[in-house]
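Per-chain residue numbering starts at 1, and chain names A, B, C and D are given in the order in which the chains are listed.
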Amino acid sequence: MWQKLQNVDRRVIYVLMMIVCVYALLNPMGLPISINETTRMAYDKIQALQPGDIVWLGYEFSAGGVPELVPAIKATAKMAFEKGARIVSGTMWLEGQNLGGAALREMADLQGKVYGVDYVQIGYKPGGQVFLERAVDDLWDAAVGIDENGADLATLPLMEEVKSMAAFDLIFIYCTGNPGDKEYVKIVGDRLNVPICSSVVSVSVPESMPFVRSGQLAGLLMGMRGAAEFEILAKIPGNAVSGMDAQSLSHVLIIVFIIVGNLAFLLGGKKGGRV
Amino acid sequence: MDTATLGIWSAAIMTLFLYSYIFVDNPFFKFAEHAYIGVAAAYGMVLQIDNMIRPTIKTKLLVQGQWILIIPIILGLMIYTRYFKSINYIARYTVAFMVGVGAGVVLARDFRASFMLQVADTMRSVTGPGGVENLIVMVGVVTTLTYFFFTLEQKGFVGVTAKIGRWTMMIALGAAFGNTVMARVSLFLGRVQFLLGDWLGIL
Amino acid sequence: MIAPNQTWTLIFEAAFSIGLIIMITRSRKGLKVPAIRKVSGLEALDEAIGRATELGQPVHYSPGIGDFQNSQTLASFAILGYVARMCAKYDTRLITTNRNPVVYSVTEEIVHQAFVAEGRSDSFVADDVRFMSDDQFAYASGVLGIMAREHVATNVMMGAFWAESLIFAEAGAISGAIQIAGTANTHQIPFFVAACDYALIGEELYAASAYLSKDPVLIGNLVGQDFGKIFGVVIILIGTIMATMGNNSLSALMKK
Amino acid sequence: MRKEVPIVICAAAALIYVLSTFINPTTSPFLGKLKGDLDTWYLLVYAVAFAVGLINLAQIHLRKVTQQRQDWQFSIVLLGFMATTLIFGIFTTGKGPVTDFLYQYFFVNPRATMYSILVFYISSAAYRAFRIKTFEASILLVAAVIMMLGQAPIGEVIWSQIPKMSAWILNYPNAAGMRGITIAATLGGVATALRIVLGIERGHLGGGGE
């Protein structure tokens, strides 16, 4: 029996994995999620916003980042709007606007916010770092004067107050890679005294942590976990929170595989498997 | 059926076809694989045309008159000489240029970011708050470097140090593996949410 | 004169480069070069190709998905040259897949020349050097197809890999291929270590050309690299002692 | 001539790039501008040369169809999708309705799906590879398991200290090992680039070494 277990058909593992994830999504157990310190720091920054303040949201991610980052965008937008703040968004990533824009629109619609007055989406702007460098001095120029739908920025009253990145009271970005928080810290953080918070996919956490320790990032949401914490703080438990149960179960499942594999290995004659 | 519905159905079917590979290679996967590669390869070309070739010719050449850009265009075109046996050596000029810039970038960029700054950041006080951690990082870096000595025999002191270096690397690699699981599960959850939510409307 | 924040980088890098050149000229003059330590992944390469030959099944080679600005891609070319020659010598089919179209044109040339050099230009099959797509995962899906359909016996992956590393490596493991992989992309090394029979870690990838060719000039180069590491170790130790005594000037200097 | 010209082109391009990085642009505005130009040139050469890949892909699959080799039917699928995307893409740019449809549903979606296949492969790899065969393999396993427990909420439920342990491992021993690997690899990479610039290594030009 142990011999057999040493080489379980991988497809058994795949099917179990699928079942566990789908089951957890359909039947959330609601395992407690404690709030991480770096998440709390980001939350405090949002709570400190005054009515009329302006927040920049940067959708700096590609499709792979959706499950971990979009829930965080929703939570951020909801809380910021509730504080009476206004939002301007943009992205250096080709797919960013498509993926992140809908989340902001949804939250704005829920609270009856008006486009152009309470929020503006300037959309995808090419150039990467070069865009950012330009936007610090002149956002209008960097955005070539138009929003995501090609509307003239001059027709949007909110943009009258936003000539450059210096107009923002908080910068919140959602990143899967470069350009991402590293560039914001280097280009925007160095020159302007605006707090920058970042929400990153979990693989990028080790790269972003040093910026938190050095104070260059004012808060950090770590992967889906961070997004789930933010959903809880914003009181809109959604995809990330329900995803966390699936995370727990799937992680346990993998650990069970490892234990079974090792038991089989120890008891079944130490064959099979490789390192 | 409107285009959005048709799109979601196509995407859902493609998703299921692609997943079917993990059980066994089959005609459904083959279809999805070939369709995906076909679109992706051509779309890559379209992006190059939209983002580089068209603006260069339309704006930079014809409007701004940056005629010097003819040189890289010719350099790029040279690669097509590979289809003509008598002059196919010219294709190497394209490659030589790209490899040259590539090597230049490596020499100009990598050393500062990945040697100087990394070495500098390892030099921290090993006493006071965080001292133990700084010491661990320093020892870990030094021993890992020792593991990579190729021309010193890994015996005696060097051997022991290299061994500790290997252990450090194993912790690092194990941690990186474990840390990635969550991201990969997230990706799958994203797909399940698409299939059950956007497609079937259960979620 | 020197760009801001580059002075000390330039000094250190120039010193390292000069050291490398000195070592190269020394070994060119025929001075004795030291032995290199075993790198098991490279040692297994011949045997792995031999296995494919015995089985009469193909070898798959991937140079990773980096472009020319990634030194791992540049290092991969030398390894491909070796693998291609071995395959040509033993008349073993070699399938090379690519993500970057210009890298594709290079790998095709390398494989072609290797077959010519072994006097087997007639057995070179142009269709076996393939461009898939410049999209990372479209490329990955193509490789999955090859693993399953071409009965790959030996899978060699050398270069810059990202998330596709584990897709290739698991597909290879499932199809029963013997696998040797190498990358310096730290986040992907664990997956190669876990899923492949042999994994080259980081700098071992760059040592491959010296190791495989046994060329004294390249081995001399390797000695230079070792000096670089010794220097790194020494300076870290000095800097740490200084920092502990409250003097951060060395660290500040290097960041400048 | 045939051998020398590429080596000269290669060395010149590299040299210009290196000089323009290290020399202050205020000292030599010309060099500073040249670097930006070289970046643009590189992208432009790549864009113009890109079709080499497409030609290869089309050739392989056309031959497959004409010779009716195994699975040739699927080559028709590939060629069909490729031609449609290409034709509409060229005439209506990447933002036209047909290209956009293909992009959204036959590119972005399959992409996310292929990426997510990793969830299965990471599980089977963990099952197969993490065996306590040797001391080193055991370290690998323990670090990975602590990390996995620390990431998901379940870790906290088991023991409140697990997230702290995993964060500590990630920030210190992991950072140290990764940094060591990076520093060593950088030296290897710089040495490789230098050999290429000096013309010692010419694998990329089709020949071997010296």
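In the analysis below, a residue touches a chain if its C-beta (ideal position, glycine included) is under 8 Å from a C-beta of that chain, and two chains touch if they have at least 3 such contacts.
Everything numeric in this text was worked out from a predicted model, so none of it was measured.
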Farthest chain from chain A, going by the mean of C-alpha atoms per chain?
C
Count the C-beta pairs in contact for every pair of chains, then give the pair with the highest total.
B-D
Taking each chain's centre as the mean of its CA atoms, how far is chain A from chain D in angstrom?
23
Averaging C-alpha coordinates per chain, one finds the centres of chain C and chain D separated by a number of Å equal to 13
From the C-alpha centre of chain A to that of chain C, how far is it in Å?
34
Go ahead and note the Å separation of the Cα centroids belonging to chain B and chain C.
15
By the touch rule stated above, which residues of chain A touch at least two different other chains?
10, 14, 17, 21, 64, 66, 202-203, 205-206, 223, 225, 247, 250-251, 254, 274-275
Where in chain D do residues touch two or more other chains at once?
21-22, 46, 49-54, 57, 71, 107, 110-112, 114-115, 117-120, 122, 124, 126, 128-130, 136-137, 140-141, 145, 148, 151-152, 170-171, 174-175, 178, 181-185, 187, 189-190, 192-194, 196, 204-206
Where chain C touches two or more other chains at once, the residues are 6, 9, 13, 16, 67, 71, 74, 102, 105-106, 109, 131-135, 138, 141, 149, 174, 186-187, 189-191, 193-194, 201-203, 207, 225, 229, 232
Flag every residue of chain D that touches chain B in the complex, lowest number first.
2, 5-7, 9-18, 21-22, 37-38, 40-54, 57, 71, 74-75, 77-86, 89-90, 93-94, 97, 99, 101-107, 109-120, 122, 126, 136-137, 139-148, 150-152, 166, 169-187, 189-190, 192-194, 196-197, 204-206
Would you pull the chain C residues touching chain B in the complex into a rising list?
5-6, 8-9, 12-13, 16, 34-37, 39, 67-71, 73-74, 102, 105-106, 109, 131-135, 138, 141-142, 144-145, 148-149, 186-187, 189-191, 193-194, 201-204, 207, 210, 219, 222-223, 225-226, 229-230, 232-233, 235-237, 239-240, 242-244, 246, 248, 250-255
List the residues on chain B that touch chain A in their complex, please.
22-23, 51, 179-183, 185-190, 192-193, 196, 202-203
Using the touch definition from the top, list the residues of chain A that touch chain D in their complex.
8, 10, 13-14, 17, 21, 31-34, 63-64, 66, 95, 202, 205-206, 209, 223, 225, 244-245, 247-255, 257-258, 260-262, 265-266, 270, 273-275
Interface with chain C, chain D side, in the complex: residues 21-25, 27, 46, 49-54, 56-57, 59-60, 63, 70-71, 107, 110-111, 114-115, 117-118, 121-122, 124-126, 128-130, 140, 178, 181-185, 187-196, 198, 200-201, 203-210
